[in-house]
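Here is the structure we will look at, set down as structure tokens.
Here the chain labels run A, B, C and D in written order, and each chain numbers its own residues starting at 1.
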Amino acid sequence: MTEHFPILILLVPLFGALIVVLLGRERPEQCWITSLISLGLSSIISLFTIIVVLSDKVQTIRYRMGGWEPESTVFEVGIELRVDILAALVVFAVTFVGFVNTIYSKTRAEAEAQGKVPFFYALIQLLIVGLCGIVMTNDAFNLYVLIEITSLTSYALIAMGNRRAALSSFNYVIMGTIGASFYLLGVGYLYIKTGTLNIDDIRMVLGNDKLWEHQSIIVAFIFIMLGVWTKMAFFPLHGWLPNAYAYAPSMTGTFMAPLMTKVMVYVMIRVMLWLFGDKFVYSDQHVWGELVIWMSVIAIVAGSLLALARTDIKKMLTYLIVAEVGYMVGGAWLGNVTGQAGAFYHILSDAAMTFCLFIAASIIVLRIGDSRVNAFDNLFRKMPLTMIGFTVGALSMIGLPPTCGFFSKWYLIRGGIEAGQWEYVCALIFSSLVNAVIFFRIFERAYFGNIAGVKEDFSPSDSDANPDTSIKEVPWSMLVPLYIASVSVLLLGIMNRPLFEWIQTALK
Amino acid sequence: MDPIIANFIEENIVPKFNYWIYVILMMIGLYAMITKNNLIKKLIGMAIFQTAIILFYVSIGVKETGGIPIISHHGPDHHQEAEVHSEESSKNLKHNIIDKDKYANPLPHVLMLTAIVVGVSTLGLALAISQRIHKSFGTLEEDEILNELRPGGHD
Amino acid sequence: MIEFSFIPLFTWLVSLLAVPAILVFRKRPDAREGVTFLAAFLKLAMVFMMLPLIREGKILHFKFGEILPGIPIEFRVDGLGMLFALVASSLWILTTLYAVGYMRGLREHDQTRFFACFAISLSATIGVAFAGNLLTLYIFYEILSLSTYPLVTHHGDKAARTGGRTYLSHLLGTSVAFVLPAMIYCYWKSGGDIKFTDGAFLDGKIGSSDGLIVLVAFTLGFAKSGLMPFHSWLPNAMVAPTPVSALLHAVAVVKVGVFCVLRVFTGVFGTDFLQQLDVVTVITYIAAFTIIVSSLIALTQDNLKRRLAFSTIGQLAYIVLGVSFLSSNGVTGSVMHIAMHAFGKITLFFCAGAIFVASGKKYISQMVGLGKQMPITMIAFLIGSLSIIGLPPFGGAWSKWYLFLGALDAEQTAMAVVLVISSLLNIAYLLPIPINALFRSPPQKDEKGSDSGIKEAPLACLIPLCITALAGLLFFMFPGLGFELAQLITK
Amino acid sequence: MKVFGLIAVFVVGLLLLSATQDFPSWGDPRSAASDGEVSSFYIEKTESVTKVPNMVTAVLADFRGYDTMFETVVIFIAGIGIIAVLRNFEGTDSPSDNDNDDDGAGLLARFTCSLILPFIQIFALYVVAHGHHSPGGGFQGGVMFGASYILLALAFGLSKAKQLFSERRTMIFAVIGIFIYVGWGVLCLLLGKEFLNYSVLDSILPGDSMMARSHSMLVVEIGVAFTVTAIMFSMYSNLSTRGRLSKGL
């Protein structure tokens, strides 16, 4: 039974989506229940998968679709899934966040999906199917198909928001298509040269036939990287992200912001280490090593500064995501195991803290009806429970112990020092200082409120629209996810050592 | 004509014209996606872009010596039995020696079937989104939309 | 010898556990303060339990939860930590007593939040004092910065917010920007071992130029030690209520800063190794510069608390200076000065607070002739000043004396001169206050009889400041304990 | 913007062209892709292991059936995505929209349509069923079938077509299609082999394990056809009416 876990993780939400569509618009409650059950089940299965993979005898589960063992050939003729501890961890993160986010969606979906609740739940479950598939598949082309699945679902989910959401979703369509097509091109180039699509086999062929010097392989690598970077909003290519996530329906933003970019970072690490192999990526005759580190430095600095310049909290958080992507790209390109493992650990911790912050921000915006930081007066008094969760996420973003943000910074900085990339270390420290400024600006405002006599740039009408009396805590279906998220932030921080060791052993 | 150019054409363009064609097509599409102001024109560019990639893939699978990848050594009259009777299978096994140069490479065709489907779906969804935009903004020109957003825009 | 013990953990926990109780009793002030007192006494008791063991030369040790490869959260009580814990926990009691009087005297708002944060910051201080490795030290250092922020900004007005902003930006900024990378660098260089042991862990593992960078990064990074150029948070933090200033900016926070610097010198590098590296002169000069400049600035301040703040900066620089002599006498002087200055300066702050409570006066120029109404306070102030200045028969004399010896051992005559000059400056900016208050009659015309109503501050305020003032005397007579603990480190 | 676009386009183009120098030339049967182990395996072994002479169908529905499953899901996503984005459920149920629909084409067109529609549909079924031996399969057949409905809507007006193929029904059909495909794979799972491993189904299908693969391909193609038909029509009806599902083109 255990060997079927990977496919079950995918199938359960898939069926969930089908059932939800069949249920139809008349029964939003049952749609919610259904997706809750299916996602909960799938996250339980992925939890078990982690346990299975951690056991000594099964290091990696290989699951051949259609049972096509390569008998007469060396290469895989079918498609296979490959689940090691890294994949298992990310899959668990995806399914679990999906599950928790579904709890959050309970009230929001009916409010924001304009009577299309079943379609929202179906799309979000299919999105989860796509993300899990991306993480687990071991076939370069299948990866493309799944990337497109996630893209299509996210276009639709974002476009369900207001009119600005539709516009940013359109830009996302254009950028996303370019990115995915570049990836597809790269795969085509690899296929021409190697004649196979299985990731491990491609690496093998590249290694045996010494294809590394070939121009076509280098171009293929460049294009795959460009494609993946576009998808993960790496700095110069980040244009689509902030508006898309800021204007999307809140329950969509809370799910996508933590996961989409992170999964693509995972894909990048996988492409670098498994598809092309570290000998190719980190070899000295290619100039890109230094270049990408510098690009990531620019990404970190620019992302932090852009976030600092925003007054709209959701926009601010999205720009922080851009900066965090810079962290991970830089860490993965440092070229030592510490850096890679740090980047990978940051995938998990950043997912947790972004989730926490986005839920908190959505709740606040929902309650006070204004997304500008200037409107956050005295929130610590008005909605303390929410602000506690927000504070945990913020401290983790700043990188203070014992939250997970501190430890991922620790590993990344250590990797940077070992690699002697001081510019990267400085960028990390700079961004955490900027984050401190950003969040303490909010804390001060939420803690003391506005000082009399200081002119503010938002009209009193905003505050009149919803007087303080109307501001109260939100239903449990929003607070519970918030607290699950903040607890997992702390838990990841405390658990960091075993996690890091698993990751390191898997990467070696 | 200058011999060098002629030589270049001789060696790099004529035998590899398929790559040149797809690159040119793709660049046309990319240019339209980047620079066009009208959303529908962007989408047209997107369609060209994806078609170019499909062309590229299919051209990988071509073999000058080969035809369509459908095995046709037993005539059309066998089809039904081949599906129903299993004893046919033993008969098939004996003439199982297949010259692989007679058939084109099937894999790219399969892949491109998928890519086509994906392209269609993306296009359909994008059209729906642009209709939504047109409904709420009353125009499909990007600059007009941005102008309309200026006052209210948060960024 | 090292022996495992739970007492450090409990000492750390007791004030932490007080927090929920304080929050529970927020409606009933008496119960609330009762909890605080209980916790404070328990803490002191535990510290005293540990004292004899430490005096035997034992080292208490406790660890749990390895949080990073090879680095657990680790408590380790040695002489230095013991002395610091002793000072902090004993002064916590007095400060609580004082705070009760002060806060109720002024009918302050949010007293629950005040006492809760107070307790948290105390346990953070103990955590720093007992920290067994660099990471633990760092974590508690950060917690202290955060937990004192609400105290500093207690009033919540514009001044408090700007003050709090400077406070956090300096303390967090420097620690993240300098200490964190330096710590990770050490972790990498020393092969994953950043434990404090009798021998320093970085000993012989690092080159001279790197050593200089790391040392400076640490010394400036622990900005709580108030070394220039990162000193300006201290005067700004004086917007806090006086008990806060008293405990946190005479004892807990600033002393944590210098304590960390001491740790870096003794525990991370080790004085002998620093001798080899021959890089400390930089620190010496920074400290000397700070001493002189801050004393000069202090002369120009009319706001009493700000003047005290600048004097604190100077006094802290003494401690760093003494360590940077790398001689046993210097270190002894520094360790002693932690205690002596703590008692002296807290007396002065108590007096400042008492004056404010009783008369609402903040500025030195207003205090002329105030001794008539508040003799006890002013006498205590006089004693405190003398102890700070370092005149016998007061505790401060000992530490100054050893610092002086240390300077001579290190053949740093220039520094000896600096010490002398600065002592004169101390006299110049401290003594006039009590003298004018006691022996000059108040200028009559601009009084309009407003001072006539002034009496001594409430008893809860008076008792602590008398005790601390007397403590200054006692330390001169019985300095033995301080020496003993100092010897444990320097040997 | 235009200049920037041009520069970007040229850089990308040159990069791509620079790679073609070590590519095989047009139609080279010895190229790594065409001569490689995998494609050779497909060409030589397909029929002997699956009994399907059309390699494309075999690779599509069996070797890479997992891809194809997600392909169907992509179509499905597009369908429900368009509804989620565009559809507005207000004003659909009001009879006024549905009654006065004279928005069909002229008489001649109607007549022609009613003449050719059956043939289109029968041909579509043939394409689905005969995908094993000739070019064709679920997608192609499904598209044709969907096209027949679109033609119906063009000729007789959308509401007429909706009476035959209402929105609810399209959704059900789409779901059924995927359900057939995935369920068929799950059946293999239940019989104790990997997902989509049709060879175990010989216990419930006529013929040996290889024939089982052949039959199963037919089954999944039918599933694909269901989904594609339904989604094609729903795409058309939504896009052509800005999501009001009334008063089509």
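Operating definition for what follows: a residue touches a chain if its C-beta (ideal position, glycine included) is under 8 Å from a C-beta of that chain, and two chains touch if they have at least 3 such contacts.
Since the structure is predicted, the reported quantities are computational estimates derived from the model, not experimental observations.
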Using each chain's Cα centroid, which is most distant from the centroid of chain B? C
Does A-C or A-D have the larger number of C-beta pairs in contact? A-D
Could you please state the distance in Å, as a whole number, between where the Cα atoms of chain A are centred and where those of chain C are centred? 45
Need the CA-centroid distance for the pair chain A / chain D, whole Å please. 31
With chain centres defined as C-alpha means, what is the inter-centre distance between chain C and chain D in Å? 75
The distance between the C-alpha centres of chain A and chain B, rounded to whole Å, is 30
Mind pulling the chain A residues that touch 2 or more other chains? 141, 145, 148, 152, 155-156, 159, 166, 185, 191-192, 197
Multi-chain contacts in chain D, i.e. residues touching at least two other chains, fall at 16, 20-21, 23, 31, 33-35, 38-39, 42, 64, 67, 71, 74, 77-78, 81-82, 85
Please categorise the chain-chain contact pattern as a line, ring, star, complete graph or other. other
Inter-chain touch pairs (all): A-B, A-C, A-D, B-D
In their complex, what parts of chain A are in touch with chain C? 399-402, 407, 409-410, 413-414, 417-418, 425, 429, 432-433, 436-437, 440, 444, 447-448, 451, 454, 494, 496-497, 500-501
Chain B - residues contacting chain D, complex: 12, 15-20, 23-24, 26-27, 30-31, 34-35, 59-66, 68-72, 79, 82-84, 86, 89, 92-93, 96, 98, 100-101, 103-110, 113-114, 117-118, 120-122, 124-125, 127-129, 131-132, 135
Seen from chain C, its contact residues with chain A in the complex are 65-69, 135, 138-139, 142, 146, 153, 156-158, 161, 164-165, 168-169, 172-173, 176-177, 180-181, 184-185, 187-188
List of chain A residues in touch with chain D within their complex: 4, 7, 11, 14-15, 18, 21-22, 24-25, 63-68, 72-79, 113-116, 119-120, 122-123, 126, 129, 133, 139, 141-142, 145-146, 148-149, 152-153, 155-157, 159-160, 166, 185, 189, 191-197, 214-216, 218-220, 222-223
Residue set of chain B touching chain A in the complex reads 30, 33, 39, 42, 46, 49-50, 53, 56-57, 60, 107-108, 111, 114-115, 118, 121-122, 125-126, 128-130, 132-133, 136-137, 145, 149, 153-155
